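If you scroll down you'll find the structure; I have some questions about it.
The chains carry the letters A, B and C, assigned in the order they are written, with residues numbered from 1 in each.
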Amino acid sequence: MEFTLHQIAHILHGEVRGDGNQKINMLAKIQDARQGQISFLANPKYEQYVYTTHASAIIVSKDFQPKKDIKASLILVEDPYSSFTVLMEEYHKRISFQKAGVEQPSFFSETATMGNNAYRGAFSYVGNNTRIGDNVKIYPQVFIGDNVTIGNDVILHANVKIYAGTRIGNHCVIHSGTVIGSDGFGFAPQDDGSYKTIPQLGNVIIEDQVTIGANTVIDCATLLGDSTIIRQGVKLDNLIQIAHNVEVGKNTVIAAQTGISGSSKIGENCMIAGQVGIAGHLVIANQTSLGAQAGISKSVTEEGQRLLGYPAFDIKEYFRSYAVFKKLPDVGHRLRDLEKKIAEITPQSVETPNNGQN
Amino acid sequence: MEFTLHQIAHILHGEVRGDGNQKINMLAKIQDARQGQISFLANPKYEQYVYTTHASAIIVSKDFQPKKDIKASLILVEDPYSSFTVLMEEYHKRISFQKAGVEQPSFFSETATMGNNAYRGAFSYVGNNTRIGDNVKIYPQVFIGDNVTIGNDVILHANVKIYAGTRIGNHCVIHSGTVIGSDGFGFAPQDDGSYKTIPQLGNVIIEDQVTIGANTVIDCATLLGDSTIIRQGVKLDNLIQIAHNVEVGKNTVIAAQTGISGSSKIGENCMIAGQVGIAGHLVIANQTSLGAQAGISKSVTEEGQRLLGYPAFDIKEYFRSYAVFKKLPDVGHRLRDLEKKIAEITPQSVETPNNGQN
Amino acid sequence: MEFTLHQIAHILHGEVRGDGNQKINMLAKIQDARQGQISFLANPKYEQYVYTTHASAIIVSKDFQPKKDIKASLILVEDPYSSFTVLMEEYHKRISFQKAGVEQPSFFSETATMGNNAYRGAFSYVGNNTRIGDNVKIYPQVFIGDNVTIGNDVILHANVKIYAGTRIGNHCVIHSGTVIGSDGFGFAPQDDGSYKTIPQLGNVIIEDQVTIGANTVIDCATLLGDSTIIRQGVKLDNLIQIAHNVEVGKNTVIAAQTGISGSSKIGENCMIAGQVGIAGHLVIANQTSLGAQAGISKSVTEEGQRLLGYPAFDIKEYFRSYAVFKKLPDVGHRLRDLEKKIAEITPQSVETPNNGQN
């Protein structure tokens, strides 16, 4: 990448303060930036660096009022952080190695089809009757089973595994080691204490603009015709468990190592932190926010709640209760003390029904 | 699949009410079923659909007493849910693409052996001296190391990894991405603060009828001759951690993201929910039931307990304590209030030994 | 392996009591050992077996005072457990199948380089401009992207996935299914409720003597030039999540299923148990010890603390509070009882401000 400041300002709908013809060839953090590089100031606590940075240019808010002289040129924008993100994307597009073509050996069923501008890495596998759209990158060692459909502009990183019958939309990214469509965990107890496997005949549907991290697992639905569904715009982190027949609503974001049990339906625009557990057959309202390690054992019906604990309840109340929890030994002492005093001043020396525990 | 109702009734040891020559070609849920499809009624709350469904036939209990007219034909059985499961299995057997033969390229050591009716997918790897039984399906990109033994009727889904020396019984299914036999986590602290790796020389034994989900990990035992053991009929979900030298007892079921630390021995017919953690060197009695996210830090000696919390104790008591936990701020207020009142009515104004905390 | 006792004593800097010419061909636990095998006594509770074992020799402390006759020969050493570990390592080196050479088909970019004494398994993939040192074992189905550097004496087990740009030092071991360098979980919320992906342009650096378990994930850093860093001597277990821009300090040990959120910096020589969660942007002091399932929501500034709970605090205090938590229903009863008594003895019958809850 090499841009002039004018070009960058144009991309960002910003305004240049300084020499618009300067060349910029790299993005960097404001503490580390060197000549020829551009950085940004979003968080006020980094303002000090604006006056000392070696960056050639800094993206700042158009409301920014410098307190000292600044050597670097400035680009004034509405939102410096967003603008910097836009630049990073441009950069990413240009420098990332554009994989294309077919590496051999790879396995592609005679009955499979794939669109234009494809990349299929070595040792990748595409099963029977699978249909893949345009601009799809299949990295090495990816497995795609039979009867899968994949839209356009999808990236499957090395060794993603897609079971038969899965449907994936457009503009999706799935990271290495993730498994889509494995059997739901369904077993019928038998009289002798053993379990019989309930066949898992459904599939997984992943809509558009979904990103899935590494080593995550999404199980298929149980009944034929049913689907585990990840709605448009959902972002899933690494090592997440999504059980059979779950539905994750539009634009919901889920952090690493969270697990959702079978048949639960998560609303839209929820924010679910890491290591959260959600029991089966629940409905979680839109815009629910679940704190890290929360355990959800019943449905959340009111939208926009923030919950914590196991079973989870209002996060502020949780912290208030937890503050007392940390002092519980003291509570025990005070109770005993009160009981003693009461016993002393009670006119008749009635036995207290205290069982002696603190 | 296409059966007549008579044929289905025969399979299910049931009785037809209606035209036994009707053709059935699909299974479906009672709310969704269409003509030519068969459904079932097990849960009374779905009874309304019996009277409105478009299914051609419904499997019902022989004790079922309809309250209105039913258009569909009926098959009367002892247990409608189990019967439907049997049908699903039949269906699964018939429609699932019966993989067979050897796809190339694949790697099969000259010293390995494999029985009849085999499937070996492309890019699968079978190491030296490995012996594999009959009716085994090895999906693409599976890795099987040296000196492994695998019984009959086993399915290893795409990209399962089996380390050298592992022994797997009959009728097992292992899902994609799961790792069997990786090194136990054993390190000896050194005087300089570093750690020295303790070689892990044991193996993993998986008995018959075991099902293991996706991206689960089972470590090998530490000492040569020792084994991490998964007993007959165990069902493991996705993303589970089984450490070195663990033994999981017969017919125990473990849900996703649970972790069992080194050398712990889990009893038979236990039910372990998701995200549970079990410390090392413990013994868990038969038929123990552990609630989601429970933390087990000491052995469970009495059979049949249901536990929750960290450290876990009786689940009912946990919920009783937790009910008070949610009101702890109120407990603090009431204590302070009592202390004030006592101070007021105590004849001599003695200082209370309260340190001022609530 | 076949050694004489003299040879073993020499390796261990120990002293023989008995026939130094005896041949030893196997290591075993003291309860199970047979003739021709050597075992050890470290834990006093196993002393009984010293007098009954069939082992040909036992490694004991030079301070060990037998209470009865011992049939086996002895090797007297400073630390029997460490000595046995040394023997196990020797054994491991000698018996483990020394993989070498290149299995075909495998993919190795024309622009990649690899040192002496290499093993590259079938279906392994090495990308462009990747440089790999001496004595590196790349097991089957390993994926190594472009521009990766790997030092000497590294083992990558079957199907490890290394994204482009990763740097790995010397003497590292990574187990099957682990993913290094996947995208950090970074998304910018948009006005319409959707999220825009923030490109992840940094990399992962793994220093020397690092061991990583199976199916663990380490995300790359966000900004170009930044790195997620795993320092020298770190030991990571299975199914761990390390988010973007995390740094794990030298010789820190982390057990299975723990997750560390973005940009947190973990100190040196920490001991982190399983299923722990650490929030983002925190600093954890050196030698911090975190109990299983702990949740860390703020930085730990004092070194050497032992913490538990969520949010975590001192482990001993946690257990004291938890002891009262288990009796909270009783606390409720006692409070109500006190309130009743106070009401009875209070001169003027003032209403207590108790809202009726227990």
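A few notes on this one:
One rule holds for everything that comes next: contacts are C-beta pairs under 8 Å (C-beta built on N, C-alpha and C of every residue); 3 or more make two chains touch, one makes a residue touch a chain.
No experiment lies behind these values; they were computed from the predicted model shown.
Subunit B is reached from subunit A by a rotation of 120°, derived from superposing Cα atoms (nearest 5). Taking shared numbers over all numbers used, the subunit A to subunit C interface scores under half, which places it in the different class.
Each chain gets one centre point, the mean of its Cα atoms, and the points for subunit A and subunit C are 25 Å apart. The residues of subunit C that reach two or more other chains are 105, 123, 141, 159, 177, 215, 239, 257, 275, 293, 325, 327, 331, 335, 338, 342, 345, listed in rising order. In the complex of the two chains, the subunit B residues touching subunit C come out as 105, 107, 123, 125, 128, 141, 143, 145-146, 159, 161, 163-164, 177, 179, 182-183, 185, 187-188, 193-199, 201, 215-217, 219, 223-226, 239, 241, 243, 257, 259, 261, 275, 277, 279, 293, 295, 297, 310-311, 313, 317, 320-321, 323-325, 327, 330-331, 334-335, 337-338, 341-342, 345. Remark: subunit A residues 26-29, 32, 81-82, 85, 88-89, 91-92, 97, 103, 105, 121-123, 139-141, 157-159, 173, 175-177, 209, 211, 213-215, 233, 235, 237-239, 250-251, 253, 255-257, 268-269, 274-275, 292-293, 322, 325-329, 331-332, 335, 338-339, 342, 345-347, 352-355, 357-358 touch subunit C in the complex.
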